[in-house]
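Consider the two complexes below, in which subunit A is the common component and subunit B and subunit C are the respective partners.
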Partner chain A sequence: MITHELIERIEGEAVLDFKTDKSGHVQEASIRFLHFRGMEAILEGRNALDALVIAPRVCGICGHSHLIAAVRMLENLYASAGSAVKVTPKAHALREVTRVCELMQNHIKWLYLVMLHESGKLLGKEPQVALRALYASSQINQMSALFSGQWPHSSYAHPGGVTCDPTHIEVMQALKLLSDVERFIEKDVLGCKTENFEANMDVESLLLMEGDFGTLLRYFERLDLLDLGKSHGRFLVLGEDAHEITPNERSYAHIDFVSEDDSQTFAHGGKTYAKNALYRGKFYETGPLARAISTERSGVSALYQQYGDTALTRITARIDEVVSLIAYVRLLLTSLDFTESSFIPPVSIESISGKGVGVVEAPRGSLIHRATVEKGKIASYSIITPTQWNLGNGTYDSPGIAQKAMLGIESTAKASLIFRTFDVCSVCTTH
Partner chain B sequence: MKPPSAITSTMPSNPAKLKMIWLQGITCNGNTHSFLNDPALETLLESSEFIHHPLLPCSMNLRQLVKKLPKSDILIFEGAYKADFERAGMRMEELLNTLASKAKHIIAMGSCASFGGIFKEADPEHISGILFDKEKESGPLKEMREKVITLSGCPAHPKWLSFVIEMMRLEKTIAVDEFRRPKELYAYLVHNGCLRNEYFEWKVDCDTFGTKEGCLFYDQGCQGPFTHGSCNKILWNEVSSKTRSGTPCVGCTEPTFPKRELFTTKTYMSIPAEMPLGVPKRSYLALAGAAKSFHIKRLEGKLIDDNA
Partner chain C sequence: MSDKIEAVKKLFTSKSSRVETNKGDTYYQDLFAKCEARLNEMRAQTPANRLDFSELLEENGIDRREFMKWASATTAMLMLPPMFTPLVADAAVMMNRAPVIWLELQDCAGNSEALLRADGPKIDEIVLDIISLEYHETLQAAAGFQAEKQLDEAMETFKGKYLLFVEGSIPMGMNGQYGTIGAAGETFHDHLMRCSENAAAIVAVGACATFGGIPAASPNPTGAVGVMNVVKNKPIINIPACPANPANMVGVILHYLLTGQIPELDSLLRPKFAFGYRIHDNCERRAHFDAGEYVEEWGDKGAQNNFCLYKMGCKGPMTFNNCSIVRYNEGINWPIGVGRGCIGCSEPDFWDKYAYERPMADAKIKAPTGGVEKTVDEFGLGMLTAVGIGIGIHAAASAVAGKREKSGESHE
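Let's look at the complex of A and B:
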């Protein structure tokens, strides 16, 4: 039987086309993204610095990652044109604070607005508006705005550093907000201290956790989905700490092996606006699970060793990332040296021609911006977003990451929930 | 203590909640996420509820919304408009027009819904705002213009939205400008409340980003002196604004957004091509000459000088 499910409450919408057997088990699943906005064409012909304003508008929830990808692309462009730009450790640290703030708020919204809601619905319990979670995510965005001026859609990172020149007062405010967020994570999300969570990351302990994360895992257990959702076991991190990891091998990853495949798009008689993103010609999973394995975060790595890339491991990786980022932001904030410059002016962009590439680990995985620039004007611009990696459409013999994870699931409703464990972003993908 | 009886008798004990629909056109979801930052969300949801919202729990999903096309007190539209853009299989032409005709009030949330915004750049002929197409009042809802409130901005500030919802709930008149933007929010310029105003007054420019000193209007392309918006009065995320973090205003609340060369000030014989709003060029020139002749030491040095 063929069914079409409109998937909402992701960033935008997608349609899943399922082929099921008589008992309703998923035999094939393909993913359609039906919108297209033409961001790359909008950027072409503009001053290259305009990308710092236009590119963040690809996405309302991870626009800051697009800003950082764009600024890294510009700095790479400067370097390849022989006019390398210097960025002080302070400016770099500030960009890191705001970048990871975006990851943290994203993961909290995913847990509360998407996962608890959709899994609860399948079990007949739909939660109310998650006001405490939204308040915590607004505090994280506030932390970011102390330096970046606003969230969403700031343009405070420029080649050579950042536009702000904060003092210790902003750091104090940020640390206060961080402590508030940490309390929310411990009280509401985990139901225990972060140390206890990290020290007891085995399935028995996780399922006994009192917080909302424990509730989500118990929902998945009741739905018999906890140990399902396995994909290829191939992971990729291209931004920070670039690695490719396959079941047999772990090595440094290089952007030269990345390609886009448009065989499934409308342009070639396919049924989606999204292109597939491939590494060495294959689908790789990117995002929090890939990052946890790549950086060898002990708890998630151990879960992965035992349960593979199941829903259990994938969900836990996203929550564990929030916990590990709290510690990272605190470290960044407490080690800022305000005697350093915020910004070291580069030469005028109008003197620059060449190619640039910028890669960043966005909430959902590796995000790539590439551009060709002629005398400071954008000649071509190309974006590959995380969802293109995870939700590409493969063939029956070689399915994409989420496609493979949905195969064999006993109903389309449950398969749709597995689909959501990848934290889909339709607006990014249909840029 | 009991409240006076006159009040209790006129206040229904459990007033009906305002019914709202949040519909998306061609969008990045930035206004949705901007709205979720509103610390007053809880209070807002005590008196209003969403029939449909793209992320919050609500009574109808998109499919049900398209099937039922229900009445609402407020229709909030985010994103740019294109007649053949579809949501849940229905063309926007039909979906927006029907929902709008059944709504008591309509809010164009963000610059795409207001004027076409960034996404209009991809297909200028077919993409517009819901009431305005750039400056022209020729959008699909032009017959319903009196119902429409424009909240331009990329994104619009969450407080701007909760202000308008509250005014509508209280059935108060919202004074609007020529683009139907609430005057209480858009009569200000982004320049008002900017921490660098003194540098603007004395024509001291900012040589470079990443400093506390100097005005971003003269070289870095700041559009604050001619952009309507209360970004420096109603701060972003409660704490800051673009200019407070040293980033030039990009003019995102105006129908001209997005202009080009956003980090360069266009000049005409070394005078900014676009004048601060309402300032004649001739007077500006006279004033600028006079202001520049003052050399105010305090404004030429660092604001915080460690060696002083």
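Let's look at the complex of A and C:
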């Protein structure tokens, strides 16, 4: 039997087409994205610095990651053209603060607006209005806006640094917001101190947790989905701390092995605007779970050893990432050296020609911007977004990451929920 | 170059930007009586949903005093005298009498994020998102087919009464196939037409829905246009910017609730209460402009001392919006606050005409002059060809708005 499932409550809309057997189990699943804007074509021919304003608009929820990817691409371009750009530790730290703020707020929204909501509905529960969670994520956005000007869509980073010059006052405000957010995570999300969470990451303890994260895992357990959702077990981190991890091997990853495949797109008679992103010609999972394994965060790595890339591990990795990032942001904020410059001017972009690549770990995984620039003008621009990795549309013999995870699930509704554990985004996937 | 700068400087330091906010006692007394009558009418109506506003405020630790402070600030934003504050507060409590249906078309969800998840959930958000939102693809409880059904039901239940908020542009190329929605693969164009048919008014939110935004930037690969290029027989209110400011979205709804009419608009269909200001005139760095103190390069002494960003390509002098007053993210900051110039995102075609690295004196843009109300229109006329359409729609919109007011009952 063939059924179509619309996936909303994401940025935009996705369509899942399922082939099920008589008992309703999923035998095949394909993923379609039906929106397109042509961002790459819009970037071509413009001043290379315009990418700093245009690229964030690829996505309203992870636009800041696009800004950082664009600025890294430009700095890489400068370096390859022989005019390396200097960035002070202060400017780098500020970019890191705003980059990871985006990760944190994204994961909180995902937990409350998507996961608790959708899994609760399958169990016949009335969805709650998650005001407190929205409030916490707005505080994280404020923390980011203190340095970046606004969220979404800020453009405060430039090749050479950042345009802001914060004082102790902004940093104190940010630390206050961070403490509020941490209290929310401990009180509402975890139901315990962050230290206790990281120390007791076995499935029994996790299922007993009092916070909303525990509730989500218990919902998944009741739905018999906790140990399902296994995919290929291939992971990739290309941004910070680049690694490729397969069941048998762990090694440094390199961008040269990345390719895009458009065989499933409308351009070639397919059914989607989304291109597949491949590494060594294969689908790899990117995102919080890949990052947790890559950086060997102990709790999630241990869960992965025992349960593999199941819904349990994938969900926990996203929450664990928020917890670990709180400590990271605090460290960045408290070790800022205000005496350093925010910005060291590079030579004029008009004198620069060559190729640049910028890679960043965005909320949903590895984001890549590549461009060819001639005398400061963009000749070509190419963007590969995180969801292109995870939601790639493969074939029956070689399914993509999320496709594989949905195979064999007992109903299309449950398969859709597994699909959402990947934190679906459609606007950036097609861009 | 320096001559040009001097000339522009003279222009901008002369008395410009006078929005006539005081329309006289008689006008306001009259309006007050009308608003009171309107609110009494609304009070008698059944709320669109059963959520209780006071309860929600209480649950979120917002007390009466804080709420009244918000009401008073909102009253000022709507350019109304203080005596309207209690009415604005009453209108906010009755927001569930103004059902909102929110569509996402060719967008990045940035406006939804700005309103519903970045700036809240303080009072603005409770008011709009929780109380009055009947349908929003990202935020509603329903999803998939259930959501489609909910949209149909909301449109039927609130026929002729709902405000249709639209985020994102409409791709007209390839017969609209660059954006389709739902199981039947309805194009964004058809979806918009269907949903706008029974709307009381349409609020186009963000740069994309208003003037086509980034998808419409050259070479406009998908043939993207704004709502006003497609919908012709409905009142349209444009709230541009990328993202649009949540305060302005709430302001439009409150104004509608209070008066039963759409707010006064400029020739680009933007509410004057929000877009009657020039960013430059209320900018925190304005004094440095007047004193001739500029940032000459990112990170220089000028940048460290928060000097004017005009030479860094700031488009504040030619951009109409209230962000220098309202700011973003609960008023915590805005681009100028972190030393980045304004990119002019609430003006039409800004991706192609404003760019942002080029200082204004070097850009081929005619700077606005004269009083602001006149300026907005003249400036718009000089700026783009689409404005002809804008005026046409404005005229039509006002007429339709008036007619609808009168014929509203006969529809029931």
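Here is the rule we use: the second predicted complex is superposed on the first by the 431 of 431 C-alpha atoms of A that agree within 3 Å, B and C clash if a C-alpha of one lies under 4 Å from a C-alpha of the other, contacts with A are read in each partner's own complex, and residues count from 1 in each chain.
The working rule: contacts are C-beta pairs under 8 Å (C-beta built on N, C-alpha and C of every residue); 3 or more make two chains touch, one makes a residue touch a chain.
Just so it is clear, the structure is predicted and the values come from calculations on it, not from any experiment.
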Assess the superposed three-chain arrangement around subunit A: do subunit B and subunit C clash, or do they fit? clash
For A:153, decide between first (touching subunit B), second (touching subunit C), both and neither. both
May I ask you to decide whether A:419 touches subunit B, subunit C, both, or neither, giving the answer as first, second, both or neither? neither
Based on the superposed arrangement, let me know which partner A:13 touches: subunit B (first), subunit C (second), both, or neither? both
When the two structures are overlaid on chain A, which partner does A:4 contact: first (subunit B), second (subunit C), both, or neither? second
Quick check for you: in the superposed arrangement, does A:61 touch first (subunit B), second (subunit C), both or neither? both
Looking at A:164 after the superposition, I want to know if it touches subunit B, subunit C, both of them or none. Which is it: first, second, both, neither? both
Jot down the residues of subunit A that show up as touching in both complexes, subunit B in one and subunit C in the other. 6, 8-9, 11-13, 34-35, 37-39, 41-42, 46-47, 49-50, 53-54, 57-61, 63, 109, 113, 117, 127, 129, 131, 134-135, 137-138, 141-142, 145-156, 158, 160-165, 341-343, 345, 427
In their shared complex, subunit B is touched by residues of subunit A numbered 6, 8-9, 11-13, 34-35, 37-39, 41-42, 46-47, 49-50, 52-54, 57-61, 63, 91, 109, 113, 117, 126-129, 131, 134-135, 137-138, 141-142, 144-156, 158, 160-165, 167, 173, 341-343, 345, 427
As the complex stands, subunit C meets subunit A at residues 56, 59-60, 104, 106-114, 116-121, 125-126, 130, 137-141, 143-145, 147-148, 171, 178-183, 185, 213-215, 217-222, 224, 242-243, 297-300, 303-304, 328-330, 332-340, 343, 351, 355-357
Interfacial residue positions of subunit B with respect to subunit A in the complex: 24, 26-34, 36-39, 41-42, 45, 54-57, 61-63, 85-88, 118-119, 121-123, 154-155, 208-212, 231, 236-247, 250, 252, 258, 260-264, 304
For a test of understanding, state which residues of subunit A touch subunit C in their complex under the given definition. 4-13, 15, 34-39, 41-42, 45-47, 49-50, 53-54, 57-61, 63, 105, 109, 113, 117-118, 121, 127, 129, 131, 134-135, 137-138, 141-142, 145-156, 158, 160-165, 273, 341-345, 416, 427-428
